[in-house]
Amino acid sequence: MSQTEYSLQENTSITDFSKRFETIRNYTEHLCSNFSEDDHMLQADFFVSPPKWHLAHTTWFFEEMILKSNGKNYEIFDETFSLLFNSYYETIGKRIARDKRHLISRPSLKEALAFRSHVNSGMKQLIENGASKELLELAELGLQHEQQHQELLLTDLKYSLYQSPMYPNVSKTIDLVGQKNTEAGWLEVEEGIYEIGHTGKEFCFDNEMGQHRVFLEPFQFRKSLVTNGEFIEFMESGGYEQFKHWHDEGWAWIQGNEIAKPLYWQKVNDVWHQYTYNGLRPVNPEEILTHISFFEAAAFAQWKGMRLPTEFEWEAASNHFHWGDRWEWTNSAYLAYPGFKTSEGAVGEYNGKFMINQMVLRGASKATSQSHSRKTYRNFFPTDARWQCTGIRLAK
Amino acid sequence: MSQTEYSLQENTSITDFSKRFETIRNYTEHLCSNFSEDDHMLQADFFVSPPKWHLAHTTWFFEEMILKSNGKNYEIFDETFSLLFNSYYETIGKRIARDKRHLISRPSLKEALAFRSHVNSGMKQLIENGASKELLELAELGLQHEQQHQELLLTDLKYSLYQSPMYPNVSKTIDLVGQKNTEAGWLEVEEGIYEIGHTGKEFCFDNEMGQHRVFLEPFQFRKSLVTNGEFIEFMESGGYEQFKHWHDEGWAWIQGNEIAKPLYWQKVNDVWHQYTYNGLRPVNPEEILTHISFFEAAAFAQWKGMRLPTEFEWEAASNHFHWGDRWEWTNSAYLAYPGFKTSEGAVGEYNGKFMINQMVLRGASKATSQSHSRKTYRNFFPTDARWQCTGIRLAK
Amino acid sequence: MSQTEYSLQENTSITDFSKRFETIRNYTEHLCSNFSEDDHMLQADFFVSPPKWHLAHTTWFFEEMILKSNGKNYEIFDETFSLLFNSYYETIGKRIARDKRHLISRPSLKEALAFRSHVNSGMKQLIENGASKELLELAELGLQHEQQHQELLLTDLKYSLYQSPMYPNVSKTIDLVGQKNTEAGWLEVEEGIYEIGHTGKEFCFDNEMGQHRVFLEPFQFRKSLVTNGEFIEFMESGGYEQFKHWHDEGWAWIQGNEIAKPLYWQKVNDVWHQYTYNGLRPVNPEEILTHISFFEAAAFAQWKGMRLPTEFEWEAASNHFHWGDRWEWTNSAYLAYPGFKTSEGAVGEYNGKFMINQMVLRGASKATSQSHSRKTYRNFFPTDARWQCTGIRLAK
Amino acid sequence: MSQTEYSLQENTSITDFSKRFETIRNYTEHLCSNFSEDDHMLQADFFVSPPKWHLAHTTWFFEEMILKSNGKNYEIFDETFSLLFNSYYETIGKRIARDKRHLISRPSLKEALAFRSHVNSGMKQLIENGASKELLELAELGLQHEQQHQELLLTDLKYSLYQSPMYPNVSKTIDLVGQKNTEAGWLEVEEGIYEIGHTGKEFCFDNEMGQHRVFLEPFQFRKSLVTNGEFIEFMESGGYEQFKHWHDEGWAWIQGNEIAKPLYWQKVNDVWHQYTYNGLRPVNPEEILTHISFFEAAAFAQWKGMRLPTEFEWEAASNHFHWGDRWEWTNSAYLAYPGFKTSEGAVGEYNGKFMINQMVLRGASKATSQSHSRKTYRNFFPTDARWQCTGIRLAK
């Protein structure tokens, strides 16, 4: 976020903001109440983090970025947390290696929750004592950051739980996969110059800013997302065995990792099942496909004789179809918009430094907070990432 | 190349084509005449190939794609070459692993040259006996393919020779690095809709086709390429030690590989030297920088407070500055143009399957044949590739 | 253990055995009472296991090997544990990968302890209802196995805790490193034929059996173990920088892993410190060195102009010096004694299959239960292992 | 070799030695005359070397160790060879990485042969002008070293040629595999103290010296080596699929590398074939098995209910059976004999530094010069090495 450009909406009262702060912070703990204490320690790979770490890291953001320099009378909860719960901010100093977060047994979960309370009090005091607009904007960034981690918390833990041969049934209420399409048919979009990027006074990340014009050739856009049933067709027609559908790098990836099905799918007695927070259950062909990589999305589209939309097409069409069930892979590389500038200091590390070798996803998923969704949002992941709630939108 | 769209120019006579065939084919052997027999076996890494392999593989293209099905009375030189000298065409069958090309001791260099002669005769006969337009177009693709390999032959062998602690002096005439800028100042380019992509009847690859409109915001474009002297400034100001200039992935790359200078640079008695075909020689600060990765190019631009141009900006400006000394990294990902279609069969594997996780380079280098240069040409390499004759163009 | 050869001592009463069972089982839980719940989840590398896993795996042994087939009315605690807590017994079926034990969040610690209680009751009933001699012998093997894991529990967790940059202070009572030599001088041992291997009716592992004769040339044996102070001398004289002291493979190992000090050593303000269960504390030069690999032990001996003893020399001399402070690296490879036979079934996997590319350690450490020490005991580890409480004995 | 202990035989005349020098040196070139120029560049893995490198490295030994300091008027052939053709002597200085020997295109093969001539002349002059006994002993070590490389030259190149999908037929005269047993039955050897190690004035390596006494329990020793037919039985009975025959590390090795047959074996039309210097040919069940690892040898013996002999048993029995067809894996780790001392200087690196994590092989193979065979010879390789001409001897 570039603080100089983003402004809290004029009419945001301190009371509203304070309430919003509390709501979002509490929601993280609410999510975690589904998990056991030991679940909070799980980290199955370098790219996921344990829930305890998410709880503490999102809190660290407020202490490190705001309270340390602005909280009069604020007492640092524990000096060592600055190092333990830094994620990737090189400006701030040494970090523990990303794949070693599961090795933090101290603080305990109880202490991590106490850290949250302590920082919440500090923030509440700061906000209610009349924080400056700049501080509120930074606090807003902290809340947006926390909402991102709420989503990661769900997708990361799902990935870690899946490594257990027991496929534990952890929650009946968390449902990331059981959605169906509500629309059908194709949207026809005309050629022309479209305005792309964020406008208005509401919050957005730095990567969405810099509204600019993009010329689009005419295109068609499918209103429904690809279903499990359609993907099973692809699999049964040999989709994973024919290199002609695949990028060269995607082909090497499926060969090297023996990939022949979406993440979390297993055949049980010859029936496709998928792991969910509710344990292993049959794949419903009418539900929307999820947990596939960009490589698989692109191969599917190629097999279908179609293509993935660009992020510009997606945004130009976004008012005319239902979205929000899956993060939708686009065929746009994650790169800077014209005029993109990096902010000074640690918050400047937020987005720009990841603008290479990743693809943009548009939309939102069932793990995304509704207040964290907007049509200009640019999510991004490497081409082999599958543990997010990703899906396929077709264009032609 | 999509054969259905490209057409040999109306006025190309058979005689002209036959002559052009001979000229280009001879040029490959002319290049190789600089090297010793054992040089022809060198392969230092999976991404480079031995000269003997280049000699045979470019020939394989004509035998496999043209003579096998079209050469009446043509006798296959050696059945085993189909497997030995296939590069990445999955359609055609088994290949030897890319990093094992240095393990082909048989055929010998002499036999590889005999294979060239044999195929040249077959092709000459085919052409002069009145080949169809389709065949000539396929032969033209073979020549363009050979010109690509002529460049690789030079850059690959340089990379392999460099692994020897002797830094052998191999040729006085091959000079890939000793060029200086001939222009200075900045070009101002206005906003507007620009036509991008190849038009006309001359040859182009499939990835350049599909002319389309792109809207560009106004931009500035530096006429001179970055020099060695400018890059030394970057290095001396700590450019390789400050993460703030780098992409996150670039930073991991320089840390993990202990990279702190362009490829082929070595300090000798505290003076920067670079390896060339003429052995190790001092770096001239006025010469144009080369052999740097996209990561380094982007970090340099960031350090300078500027940026790399997009490939569309480059093409839109291409008539107004001197280019051809270096392959210029752009900040555009290598992706399909609107309407891009893959050809059927083996030639369809040419470009599309590489359209992911690579960046576009525009221009040409001193290793590129002049008849292989055009302003719509889209070269592409991964972000850490440094062994090509790459350089930095700045924009803002 | 080969059940056919080992016999419970004639005079072991059921009551004594039952008491012994309880004592050893309780001791594991007593050790764990030093650790937090989250400590029980830690696994820093494939070769260490989390405490929770040790608690359950040692219990699994009794359920799997004894109660499942012999416990009348015994109810299996949880069918899934057979897979979750198998270590390396291929006979028994699928296992979870060794490096993924930290991903078992379910069962919880509380459930793991309940599993222990349940199995303890089952075993107690079985024993007290008059188990056969064969069963008691198998139960004895289970207890010996548990004692091995008690030691691993301490050394594994120390290794995992050390990965935290906080170097947590976990226990004031566990002291694995603060021992000093009580003897000095050299033992002279005469040439001759010595009887090597276990005799008598007491328990031993299969690898100690097969008493046999070994001819030893005369040798000298140092009574004291190498101290931290002596090792600091080695380091300060450049011991880690001079290849001439090292095995070729050891040299590659220290180069490749940038090793230049014993495990757990750190310089703080230019003073050597070592990590202990009590946190980071200064290295005392008079204490006995520990946590070094075979490679380091051998290099030290070479630097000193001496050598490590063989395991036969060690056993031949074992009545004439004090041992039990460290596991002492010998220069003997871990191989079968003459006449070694593998038992049938799962217990047969105990020792024989590890008899390659490991070196024998003799003695015992402060992490070893006294009732688990004997002079014929053959411990073994790969040449780069450092996380056990290993030390150096010199011979010449 | 420890020069102080070995002495040239009293009756070795200068003329005899000079002749012997010439014979052995010429034999290396004779072997190479079977290969093409490009064959001389092949290196398929880090553990094999190209023939050109063997030619130059064996010559380097004489220049570096003898002529540089002792050859009056000797002119160094090329200063750079000191670095290029050093193998593993850390004392002498920088080396090129072991897996990059195939990247030495300069010198050419012709120059390498000229280097041999030049050094041969230098040596001849030195010898014939009356070299000291010390120098002759060092020259003898150079010849023994060259004989070792003659064997490696054959086994290394076979391995590299095998990587080509063409399985080239290179020589009709080199036959490493077509031998049959000439003896049958079992040898019974009595218990007792046996003298082990080299005696007498003839050359031996340092690792054979230090004659010492070993007590052996009674054992039986099979006179014939295991045949291809016997090994096919093992394979057909599921030998590679049953972990109970295997060391734990061996099992991981066959699983991780998908190994289910000896090196160089391929099924062609359902018939076992093996690659030889004469191309791919059917496996003859009566011929002696070769190209198997220690892991496979041990698993075979275990399957058979027998075991591999120790190196001491082998040596004690060596006068009573025919040997010399295969290097025979023993169940002895390669460790120092009592009293082993490393020589000073570069020659001291010869053997001692490899005494870890390797197993001893006794005997000799059809690639070994007869004048390089003796019953005390201790060859050694890691447990997964298969490219030598190894075989299986059974004991019980």
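We call the chains A, B, C and D, going by the order they appear; numbering starts again at 1 in every chain.
The rule we apply is simple: a residue touches a chain if its C-beta (ideal position, glycine included) is under 8 Å from a C-beta of that chain, and two chains touch if they have at least 3 such contacts.
Computed from a predicted structure; not experimentally measured.
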Joint neighbours of chain B and chain A, given as chain labels: none
Most remote chain, CA-based centroid, reference being chain A: D
Between chain A and chain D, centroid-to-centroid distance (C-alpha), Å: 58
Interchain centroid distance [CA atoms averaged], chain B/chain D, Å: 45
Geometric centre distance via CA averages, chain D-chain C, whole Å: 37
Chain-level touch network, classified as line, ring, star, complete or other: ring
Chain pairs in mutual contact under the definition given at the outset: A-B, A-C, B-D, C-D
Chain B-facing residues of chain A, complex: 88, 90-91, 193, 212-215, 217, 219, 243-244, 246-251, 294-295, 298, 307, 331-333, 335-336, 338-339, 348, 353-357, 383
Touching residues on chain A, where the partner in the complex is chain C: 36-39, 41-44, 52, 80, 83-84, 94, 96, 100, 102-106, 108-109, 160-161, 163-166, 168
